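Sharing a structure below in structure tokens format, with a few things to ask.
A, B and C are the chain letters, set down in written order, and residue numbers restart from 1 in every chain.
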Amino acid sequence: MAGSSLHPFTILAVAAAVVATTTAAGIWWISAAVITGCLVLAIRAHCARKLVLLSCAIILPAFTSQLLIHAVAATHGTRILLAAGPVTITAEGLGLAAALGLRTAVLVVAGILCTLLIDRHQLVAAIDLSKAPPQLGYLVAATLFLLPQLAGKQHAIGQAQQLRGVDAGWFQRLRLRSVPLVLGSLQDAAIRAPHLAARGFPATGSRTRWRTVPDSPCQRRIRYAAVACTLLGPLAILAPVWMGA
Amino acid sequence: MGRRQTTAAVSLELEGFRYGSAPADALHGISLQLPPGSLTVVRGASGAGKTTLGMILAGMLPRPGMDTMTGHLELAGTRIGYTPEHTPRIDPAGWATQVGLLPQEAGHYLSGIRETVAEELAFTLENAGVPAPDMAHRVERIARDFDLEHLLQRDPARLSGGQQRLVALAALAVNESKVLVLDEPLAGLDARATALVLDFMDRLRRRGCTLLVLACTTGVLDPDLVLDLEDGTLHASPGGDAPYPVTKRGSVTPDAPVLLEFRDADLGYSSGTSVLKDFELSVRAGECVGLSGPNGAGKSTVLKAAAGLLDCRSGSLRATDTGLLLQNPTDQLFERTVLREVSFGLTKRGQLRQQVPQVLEQLGLADVAESHPYELPASARRLVALATVLVREPKVLLLDEPTEALDQEGIIRLLQVIDGILEVGGAVLFTCHDWRFMEATAHRVQHLGGNGPRGRDRSPTTG
Amino acid sequence: MSPHLILVETSDRHRQRGRLLTTIGTVLLIGTYLMLVTTQPDGLVDGLGQGVALATFAAYLAAAILLLAAVLPDLPVSTLTLIPVALALNILLGQLVGSVMIPLYLDSIGTVMVGFLAGRRAGAATGVLGTLIWSLFSPTVLPFAAGAALVGFLAGTAARFGALRRVYLAPVAGLFSGVVVGVISAPVAAFVFGGTSGVGTGAVVAAFRSMGDSLLSAVTKQALLSDPGDKALVFLLAALLVYALPGRLSGGFDFVRRYRVLGQRGTR
């Protein structure tokens, strides 16, 4: 993967900086350029298809909602394109919806690209090696790896209940499927706890990791710059506007 | 907390232990000393309190503010006293350097969040803040000492049950605890895995580790001392294991009707690839057939197909009135009481409903009819799942690894159930790792594997 | 050398730090909300709009992370193993309910169960963590972390004051929580994204807008239409699932015993 030589936090920090400044700028061609840039990166990392599919699944409903709210039921704007009963479409409304859609799209595309580029185990190791409390890394990792396991368990439960051949209403069916899942997984969690504690978790003193996360002074500098950019970039862009107002 | 010289690696004097809101003591009047470097076996039926005893030794019970215990433990020259008024708060990590516990299901010991076995082994060291080079050195040494180098780069979640137990044992060994309590370390393992775990235990003893094994039977172990845990207290054992129950199987009438027949069958999930091709099997009324074969040969697939959970994609499959007990029967338990669980889905005045008390009686569950299935010991829980199948009076009983988690009494009940089905002209088809059970009950054994497609038997979603 | 077998009682330093962070987080959240409601910034995409969007995003996210940081170091291990299960259940049970009933957006059953079993602090942590992890797959949920924290917090509070002792009290508590969460989360939808995440909810907001409501009040009204019902159902289902647990399991949680969360049910 393309991200393997990069520290996960570097990717996240750069993404945050790009999203924050792009959102603050609010200029359509910059947003479009950022999205195109993300797509190019995705193509180079061979994950463009996934990026497009996952992003569209979020962007399309959100954009439809924005269109409905701002363009179809426009309350302001003078250039009326269509007026039929409660529906009033104005050019200004369409522009507003498009701008909001672009804002959402930048966040979604950049965010999902991060997820696709970052290796989950490296992310967990990076969290463990950072100053975050030791519990955080465990919780993130356990959730990510438990989900497929529980999905498999749910499949097995579905089979087991099918065997009972019970023709039941929706409430019974829900009970049949959900109660064994909850019972089994909660019981499991309760049994695990003392063994996890016996293995010294959560660490009370300093902790180390077997896994190393690639990092370099250069990357560290990029991270600091990106964080500064995330915080100060929007201010620098928006301050003149506010002064003007 | 005083200091005193003792010869035992750990010694426990327990007047009584009681779980949170339980009406009676789970354990009482126990005095246990484990000499350094010894191997002790504590035997007992499922639910006798073996795991409770192990967890007390491992410092996981009693939980402060919940359970009550009277007595004291001596460990590493320290005496820890327990009274109902005061339960000391244990430092779990510190205690684990003295006494480690391997749970019944080894997967519960593993953190489940590491990509490779090597990282899983390092988990305890990471939490203790051991520097990276030191950590690598210790993990490699453990892997070398216990012959696990070939597993180091594997994903812990994709190991077989036996391999997972070896990895959990190695993770325990990394701690260098003086005493290890192993809960059913050999249960559910085939001959090969059993040999590997036994070898592992030998190596642990050679390193000076004191071992306490909690098990239903002594089996192939060669312990220094055997104790029986019965009625909540320890007795010196009278001797070897009780003899394995034997049943006499009459011959099958050759012209008995065929109840289950696979012909040239191609079995698999509708979307995925076939698990089993050209499969032939017929089971007649009054016949009990065992399926053997290595993991992934498709034994579970045959049973699932017979029960109608899988498609027979070509060839023919004829099955009359089947009932299947799955390998992990807790997947289907959801009611608050055993009685409601077993009666579920049966019409109030139906004929089958009348059978419920009888089935519970037959499986020895009448006394626990009002208990929550999850609060029963593993063996009884398995029998509850069997009861939900039996109450529907299947003609063909399908059992997937039925002996797993069953204790001696449970196995006797299971054998009686099989007899009962055969007597009324039914048939039984089962899979099992335990060759003694196979020999005791099957008329014949069909071996799977050899030229079938390889790979683990798994569903498309769990893969 | 004598090994450490017994724990030394820990100092209160952790707890004080936790309280401080909780206070800052809560003040930040409520302050931001009040500011947005009173000023009702207009113009969504000129300079002012982008500033408001970024500030709302940042303030809500920061508040949630402060709450998480306050709670995390104090959670017992039994709660730490429970939370990942609950987060997986959030997704799986949500899908399950959606597949057998009307497709509702029930994504917090697990969070509410943690609140019921392990208390409001654990519930709040579960809400924030769930959002952080879910944001890896759907980045737009990130600023809703504060709302999710509130769900878990309110579930724990309700359980503490006896909402699980009677079946009918759970949905009532859920209804109330839904109102609070809906109102608090509305500014995120309105000012950060200028709309909702779905087509159906978008149509409802559009209808309110065409009747002359401001964007914030339209989004708030839409949230008040959907959230209380959703949370009432979630609280009810979570309560039923907690009732189905064996007493030994639910009684294993300190919180359940201390506040007699299950009342008579717990003693059976």
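Keep in mind that, in the parts below, a contact is a pair of C-beta atoms (placed from the backbone, for glycine too) under 8 Å apart; a residue touches a chain by one contact, two chains touch by 3 or more.
Everything numeric in this text was worked out from a predicted model, so none of it was measured.
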Topology of the chain contact graph, where touching chains are joined (line, ring, star, complete, other): complete
Between the pairs A-B and A-C, the one where more C-beta pairs touch: A-C
Reference chain A; chain at largest CA-centroid distance: B
Gap in Å, rounded to a whole number, between the CA centres of chain B and chain A: 40
Euclidean distance of C-alpha centroids - chain A vs chain C, Å: 18
Contacts with two or more other chains, residues of chain C listed in rising order: 244-246, 249, 252
Multi-partner residues of chain A (at least 2 other chains): 138, 142, 146, 151, 179, 183, 187-188, 192, 194, 196-197, 201-202
Shared-contact residues (touching 2 or more other chains) in chain B: 59, 93, 95, 334, 374
Residue numbers on chain C that touch chain A, as the complex places them: 44-51, 53-54, 69, 72-73, 75-78, 80-85, 87-89, 91-93, 96-97, 100-101, 113, 129-130, 132-133, 135-140, 142, 193-199, 201-203, 205-207, 209-210, 212, 215, 218, 237, 241, 244-246, 249, 252
Residues of chain A touching chain B in the complex: 121, 124, 128, 134, 138, 141-142, 145-146, 149, 151-153, 155-157, 159-166, 168, 175-176, 179-180, 183-184, 187-188, 191-192, 194-203, 205-212
Sites on chain C touched by chain B in the complex: 2-7, 9, 244-249, 251-252, 254, 257, 267
Partner chain C, residues of chain B touching it in the complex: 1, 19-21, 59, 63, 65-66, 75-78, 80, 88-91, 93-95, 97-98, 334, 336, 372, 374-375
Complex contacts: residues of chain B adjacent to chain A: 55, 58-60, 92-93, 95-96, 100-101, 103, 105, 108-109, 111-115, 118-119, 122-132, 135-136, 139, 157, 171, 304, 307, 309, 323-324, 326, 328-334, 344-345, 374, 388-389, 392, 459, 461-462
